[in-house]
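Presented sequentially are two complexes of subunit A, the first with subunit B as partner and the second with subunit C.
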Partner chain A sequence: MSSLILATAHVKGPHIDWAELSPIVVLAVGAIVVLLAGLAGQAQLRRRVIPVLSLVTLAGAVGTEIWRFPHAQTIVAGALRMDDLGLIVDLVCAVSAAAAVLLSLRAEAPREAGHGEFHGLLLFSVMGMAVLISAQDLITLFIGLELLSIPLYVLCASEYRREGSLESGLKYLIIGSVGSATLVYGLAMIYGATGQTGFDQIARVLAGGGANGTLLGDPLLLSGIALVVVGFAFKASVAPFHQWTPDVYEGAPTPITAFMATATKAAALAVFLRFFDVAVISEQTTWAPALATLATATMLIGNVGALGQTSLKRLLGYSGVAQAGYMLSGVVVGTRLGVSSTVFYIVAYLLMNLAAFAVVQHQEAASGDDRIGGLSGLGRRSPALAWSITIAMLALAGVPGTVGFIGKFRLIDALVNGGYGWLAIVLVVGAMISLGYYLRVVAAVWMSPEGVGAATGPTLPGNVAPVAGGSPELDRLPYPEVVAVGVVFAAATIFFGVIPGPLFHFASHAGAALTGLF
Partner chain B sequence: MSPTTWGWLVLLFPLLGTITIGLGFRTYSRAAGVIGTAAIGLAFVCAVGALIALLGRAGTHREVVSSLWSYDVSAGVDARLQILVDPISVFMMLVVTGVSTLIHLYSTAYMRSDEGYSRYFAYLNYFVLSMLILVLGGNFVMLIIGWAFVGAASYLLISFWYRRTTATGAGIKAFVINVLGDVGLVLGTFFIFRHTHTVSFLGSFAATPHVFHTDSTDLVAGCLLFLVGAFAKSAQVPLHTWLPDAMEGPTPVSSLIHAATMVTAGVYLIVRLHPLFQLAPTAGEVGAIIGCLTLLIAGTIALVVTDIKRVIAYSTMSQIGYMIMGASAGAYSAALFHLMTHAFFKALLFMAAGSIIGAMAGNQSLDRMSGFRRAMPFTFGCFLVGGLALSGIPPFSGWLSKDAIIAYVNNRGGIYEVLGILGYLGALLTGLYTFRMIFRAFFGEPSPEARELEHGHIAHAEVPTNPATGEEEDMEVGFPGPEHVIAEREPAMKIAMGLLALLAIVGGFIQLPGVSHVITTFLGSSLADAPLASAAHEPSNGTAWIGLIIGAVIGLVGITLAYSVYVRRPGTAARFQAALPWLHRFLVNKWYFDELIDVLVVRPALAIGRFVETVLERIVIAGGVTGGVTAAVRSGSAAVRRAQTGVLRLYAAAVILGLSAVVLYFLISST
Partner chain C sequence: MHLAHPSSAPFTLSILIWLPLALALIVNALPARAVGRAAAVASLLPVAVAVTFVVDFNSHFPGLQFVTDQVWIGALGIHYKLGINGLNLALVLLTTVLFTVSLAWSAMREVDRPHTYYFWFGLAESAVLGAFLAQDLMLFVAFFDLMLIPFYFLVGSWGTGERVRATIKMVIYTMVGSFLMLAAAVATGVIASGDHGTALNFTFSALQHLPLSRTDENWIFLAFALAFLVKMPITPFHGWLADAYKSMPIPAVAVFSGVVAKVASYGFLQIVLPLFPHAAHHFQVLMLIIALVSIMWGTAMAFTTGDARLVIAYSSVAQMGFILLGIFSLTPQGGQGALLQMLNHGVVTAASFFVVAALAARAGGSERLEDMGGIAFRAPVLATLFLIVTLANLAMPGSSNFIGEFMILLGTFDSHIAIALIASVAVVGASFYALRLFIRAMHNRVGGRVVSLEISRAEAVAIVPLCLIILALAFFPQFGLSKSEGSMRLSTYAAAQPGGNASPSLPSAQSAELTGWWAYPPLRQLAYSPQKPRRVYTYRTTSTHRTLHS
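Up next, the complex of A and B:
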């Protein structure tokens, strides 16, 4: 490692502060080590060692992120900015990846794709997120986005013997490429209009500091921004660019779905925050109404679309679309309060969704599909998982006492303060509609499977295991790591719903990191 | 340890008790009672710790605030999990935890054969926790939370035997009326918050003299709304009708919640918010008048009711009427003093009543009870002690505390003098109805049940039935179980009742005019900012003693009247009833309050409801609004799902459309 550093030191290049860059370096090194370990001859060894190695890498990333916090510095000649917003969202992505590793320990996907490849790609994707979130330059931004996306295309298709997984990967690839193309086109236009690639320089040009006067309202620039909006909207699954989401979520292996739903969304929203609230903040009067309209459409389409779903993963996909709308509304206001509310919600969203996906993973492993009806009787079979998904659903709907409530409350607070009261109303209406499908899941969990109980009578001791439809797999004990993921994140959902203070404090750092705002 | 650390511990133990019992209620059997009692006992020990820690501080530093964390700060409301430990809250803590411990102990025996034994203790611990949050809360938010929690706990416990239709009905009634009070409390808080810009008690009180002047409109409105909350929780006219019905709950519940603690929360509220009420004398007068009315109305109804628990319930209303009258008039320490002694003797009376009900195989009617004196000497002794304290006979505790209130009210002069004299009339009624109960239940020819008990058997009904409706009981949810218990055979009940009897006798001596003034001194530092609590308004020792003597005489007259009516010349009551049938009807129907509420509130509401249902709901709402909205959401959902074809080409088309729209928008807004 040290020889590597020495070797690069001789190359004439920008000054690199390795301490600042450490989270990204740790991920890169870890990913390469994991890939190499995937070449080990013994399958047993691969199966046991590689997940541990990825967890160690992620722990290292988390450690270095905590080490640099709270902090703000622009590094590598202005290409990256390591600040609290970036560090917090990096943390979210790393935690999400760790959960995905745990959920995939005994899943089909890594076995099919090869452990080294599966985990290596996952780590590269996390690294891409870290680059994307910290990108302070149009070029870095695009590199980060691609580094994030390409491994995901492969991961979606990693259960390549299953048609659904292949279809999911292919769809994601095609639609994702359209998105990337749009984005790169938009970035080129912005560069064309301003002559700059750095966010700070673009902001300065827009604010009137450029050579040829102010560019505000320039058609070339605005077309560029429009294309960038669309490009980001793809990644964050914002309507009407969301249509890949339910299909891909349903087809992809569940640990990957969980990772995409939480980490990709977090990264996409963080880049929304950084790009719009730093680079083109001067154009806020133009882009804010557009984003507000998109947010409205997203909240409504996501919530309405989730209503009739029977597949849990599709339901969570649509729910994720709606939640992206909530978070996007925090970007619209363009204030520090908006940024910290969005970041708070990103963290909240991570907690709630991972608790839910742990249960989906168990459900799929136990019964082979993810029908909502299949959850019935879970309350009896595995109370821990039943509580996890109940808490997750209630939190996603925004029931008080959970972190989802506080998150929505802060977003509404930010919206009203930022002069977007009507968007707050849309948010509340969306949350109302969402109860229609979240509560259906809760009801399914706690309802007994039909026929059980009628024969045994209500007075038997509660611990008698029911015979669920004659399928012995349903009664199999859930894997401990899956239960652990569900319980830990559900507990955190409740904890931060009751004591939100620390998380607020944490998120307000992110708001303060974007210095151009007030 | 600091007083607030003790305060947090006081909250912690009932919380742990609730959670432990609640989570494992299927697995414990007897253990639930032990855990529950121990949790509350430890809370009492910590309350004593808080008292000692507080006494160790100088008089002016006895208001200690502690916050664990802030829930949220928004729109100027800083919602903190905050407690305020000061003499008032420590006093309430001691009363609540002390009496609760004894009642938990009593319950371990009384509820033994109930199927819902663990559930019962989980609820009871939850109630104590809620009540402690109420009295310890350091800001309006905590107060509101505690206020709503005790309402919920009360609902759960009134409807404890949920297969009884009467019990579920009573629970709903209590809950609805309590929620009305919650609304009053919340709205009142807004009136105060609008001006003081803080929800913390100490901050509000400090700001009050600067932002309000005497009888400011908003202040009076706020205080009146607080009074609505107090009336609903403390069963004052006209929001009192839930309390007699609440006797459907198990007897220890009636003893704890509907006599000793929860229903006195209204008194606590007025005392806690005294800096506000000081500046709103109009609200104070309203409170005093309502309290006085309640004590008279409840006293008269108690004369004719035949259900033993309901007689005690009306007596509770009446006694709380005294406290509300006193607290509204400014007799804060006297009101809290009466709150304490009342908790002792009223809890005792209910426990003794529970013992008789056990001996009567669950029947609560005074018409069927008779001559239990010899069969149940211990219960009789306890009931007598409680009755004497309630009637205000020297040297029992109720004598000192009730007459302290009346003496203060008389001393304030003006309209208050009238109220004070009416208070003496209430005292006459108290002696009369209390000893009507005692003479009918314990004197005269022994009833069949009493005879059976004299031969060593507790009576059992062939088929347990609900005494109110005659419907058969579902034994799976109890009705104190198939076995009946009496205090004579249960050491746990004996200990609890014996200790309370002792307290009911000697508890008053801590505040004897001219001799001891423990309560006034202790509460003094909390009330230092209240002109009404200053020495100028307190009656002199001489006046106080004259009041005590008058009170004692009136109580004795009441008892003598009861003796001549029910023992010396039995049948007098029936003759009265025959001579004045309209009066009897009026009183038996409880002054027609239920009917009045029915006519004034329920029926108009129902009529409006029916109209709205037939006209608005069916046509406009169901047809148009709901139907329209759900149809819109449904068709939206269908449209989204139809668009989700899974065909990639169509997705790409949607993307192009969306893309064009976004670009078009940005181009239009370019200059």
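Up next, the complex of A and C:
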């Protein structure tokens, strides 16, 4: 008894600023409530109430994030740092999760896995992302990463009667665990080299040259950084650690794929930004060439890999790999401009991809598979969805008038400015290759194949081609919420492509949040 | 270049740019049957607006007029800056006219999915006008890329034959160039602002005063040149041309070849020569040789192909070669000739494509030369119109094309006489292919499925106005020349100086003293007496100018 008193006397909990922590708290409480609501007896009730509860939770998270913006404070004894970079990427993750909830309203996955579990895990994953993004300490970073990943392993396999889904979950589990193991090993080495776990302390030790002044080029530290790069690269699907991406994306339920493609990638890149541009920024000369090489490989491999795909989800998987390469190049330069351009692209990527995934979801619901060819005639069946995917594809390719163009412009600007002109050229070459597959999708939507109800150019009256007719099951009306997700994000893609000012404002806040940069 | 604002207009350029798109969206609300007619009639509005700008244009002022300048993306120093000078004035008018003609041609026919079809045309017109009027590098790049999207859909959805392959090939070819141009454009702004310690700014006027280092300038020049050469297209980069032109619906190919391709050659004059003068000088011979190859190759292909549409397509390659030759003679005459030739070729090539469509309609739908023949038999009016187009195409003395080619060659003689000599031989080549097309289609033995019919209303609606423009230009070529004189001198001035070192002495400072030069008296005289078509003297005016210059 006396020893217990002694222990409580010595271990003093850190001061916690609950207002600062509110986004994470809201997510945690919401996730638990959703999980409990999943125990409700009536299936009908579960089906109706739980998605609403998840949306409310996410709205609460978004609300608190906006409430704390613009802001920067280190909380919980230096474990987390709530700043503009973190808040913006949190926002991206929450929006992505909300879209996933909407897309899964009438999908197979939540019904099979149980609504409470499905949505609860989703919210826990978002919470993990929030922790990861704000992590200011090696330990918190690892906790956040695991909290993000473990629910996702389960979610990938949530359509457990479908072989592909199970395979996807298992694959992701194995690869993800290897990635986590590599990462934790790297973190341990960095701790060993610097004797610190806090990012700021590590940065201070490195800037001071370490205790005995020989830390620059220290093999232990460098191996640590290398292993951390590998660990992050698994999560962000950076080549050559991307092989799992197309398989897992293809197998996972589409709403989860959409969530993984946007939110996980955003979180992983944010942690790239925070770790490399805060903790080990003074080693930039060492890691920048390595990251530049990875970015180059990622852009080229992703784009070339996507060329031959016939499945939309695989195609988007490879395209996501390539886009991760673009975003990574903003990390390489290690300037505020680089950070803000990466953050801008993360937001742009969210908008473009969610518009595309809404269409994939409809396509799968309507025809049972996600072949690109299945999109044929979508322009007639559902113009709203056809425009959504058209805009999404053109934006991903970087056509002007869309947010993708501005994002690429911003990245090139940062690269040239930071002395990485050659990487800008690689980015541009990647974008050229990417036209080869993005345009194929657009062509499938609007341009029916030869002979099948081919549209004709202007003809003199009396010589009109027959109107193409799809099979009846393809003509089923798309669900309104799916259309809404597609249209809203496609509209945002165009809107921020024409008026990018507000987004720039946000992104430059994020750049300014990392105080060590110039 | 901030002289007093010389002119004002009742509209702003933004209205001109966005009017076509807005009209297309409004027209889209109509029922499918009425869309075409409405779109065609509505497209007269942009023509009218463009005419007001031409009327209000002050030919004595070489700088930008009717300027709209707003900050678009402040963080990146991108301005929404529009303006007209002598270089783009005529091209803007040409754009609106060609689109109206194409829409009228389409409106007389039935189009599948008319709403989308006319929407793409509206977007295309807006984008092309935007590219011509943009005075900010990034804005130009944005419009330049945007221009391609409507044509991607027009070819892919309404084209013929292997249209999907053709359209993807076209887009990839042109995007390869324009993405490189994007990188180069960003680099221009960033490097310029870095070297000179100024804020990021992409407007042409600002960049002109921030010269780059030689090495940067060279690679940036090459990236821009590649983008433009692919788009024009010029021979080694023309791989997409045959498939795309063959697949495009006729109205689309008319505007594509007529004005979209001109954006590229215009880009050389408005952007490359003033912003990268040293590099332009450095690569002058290379570009001249490429132009020469293009002329030769285009002529040879046009003469040997058996497809009427491809004859026109390849003749475009040769003509664009001439235009490139004129631009890279780096003399004001050559540039003037190139500009006039852009105008001429825009009208002639569009008219030719419509004629080809008329021929195909009489030859059982085939565009092969061997299926044609004897079409003139019962169609004297069509034959006459076609003859006008043909003679203009082969640059018959008396046509405006002749003056254009002459000035181009004159300019080239001034700079590189050997290249000019070879090019003048190639002028003859044009008559071979143009006359061959005319004779094979109109005369000769009557083709198997040929039904000789007189020109119908649906065809005349496009061909007749264009022929009238060709005739008008023949009598009044000064339209293209007089207004562009001052701007052309500004554009070629820096690049024409052998050592470069141009920016301090850029004429902006001198324009006050050199009023006589801008005014260019002999041409002005012509310009002010439209009743007296003294076109023959145009040649002398250029030589007068040369003596005046030396």
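In this text, the second predicted complex is superposed on the first by the 478 of 518 C-alpha atoms of A that agree within 3 Å, B and C clash if a C-alpha of one lies under 4 Å from a C-alpha of the other, contacts with A are read in each partner's own complex, and residues count from 1 in each chain.
The working rule: a contact is a pair of C-beta atoms (placed from the backbone, for glycine too) under 8 Å apart; a residue touches a chain by one contact, two chains touch by 3 or more.
In this text, all values refer to a predicted model and were calculated from it rather than measured experimentally.
S.K.: Is A:139 in contact with subunit B, with subunit C, with both, or with neither (first, second, both, neither)?
M.R.: In the superposition, A:139 touches no partner, neither subunit B nor subunit C.
S.K.: For A:406, using the defined touch cut-off, is the partner it touches subunit B, subunit C, both, or neither? Pick first, second, both or neither.
M.R.: Both partners, subunit B and subunit C.
S.K.: Looking at the overlay, does A:435 come into contact with subunit B only (first), subunit C only (second), both, or neither?
M.R.: The second partner, subunit C, only.
S.K.: Is A:500 in contact with subunit B, with subunit C, with both, or with neither (first, second, both, neither)?
M.R.: A:500 sits against subunit B and subunit C alike.
S.K.: In the overlaid three-chain picture, which partner chain does A:66 touch, first (subunit B) or second (subunit C), both, or neither?
M.R.: neither
S.K.: Touching A:477 in the superposition: subunit B (first), subunit C (second), both, neither?
M.R.: neither
S.K.: Quick one: is A:182 in contact with subunit B, with subunit C, with both, or with neither? Answer first, second, both or neither.
M.R.: In the superposition, A:182 touches subunit B alone.
S.K.: Quick one: is A:174 in contact with subunit B, with subunit C, with both, or with neither? Answer first, second, both or neither.
M.R.: In the superposed model, A:174 contacts subunit B only, not subunit C.
S.K.: With both complexes superposed on chain A, which partner does A:394 reach: first (subunit B), second (subunit C), both or neither?
M.R.: In the superposed model, A:394 contacts subunit C only, not subunit B.
S.K.: Residues of subunit A that sit at the subunit B interface in one complex and at the subunit C interface in the other, please.
M.R.: Of subunit A, residues 406, 409, 413, 436, 461-462, 500-501 contact subunit B in one complex and subunit C in the other.
S.K.: Once bound in the complex, which stretches of subunit A touch subunit C?
M.R.: 379, 394, 397-401, 405-406, 408-410, 412-413, 416-417, 421, 424-425, 427-429, 431-432, 435-436, 439-440, 442-443, 446-447, 449-450, 455-465, 500-501, 504-505, 508
S.K.: In the complex, go through subunit C and note every residue touching subunit A.
M.R.: Contact set of subunit C toward subunit A: 73-76, 105-106, 109-113, 116, 138, 141-143, 145-146, 149, 152-153, 156-160, 162-164, 167-168, 171-172, 175-176, 179-180, 182-183, 186-187, 190-191, 194, 200, 249-252, 361, 458.
S.K.: Which positions of subunit B touch subunit A when the two form their complex?
M.R.: Per the stated touch rule, the residues are 26, 69-72, 74, 633-634, 636-638, 640-641, 643-644, 646, 648, 651-652, 654-655, 657-659, 662-663, 665-667, 669-671.
S.K.: Please output the residues of subunit A touching subunit B within their complex, sorted ascending.
M.R.: It is residues 171, 174-175, 178, 182, 216-219, 222-223, 225-227, 229-230, 234, 240-241, 243-244, 246-247, 286-287, 290, 293-294, 300-301, 304-305, 307-308, 406, 409, 413, 433, 436, 461-462, 498-501 of subunit A that touch subunit B.
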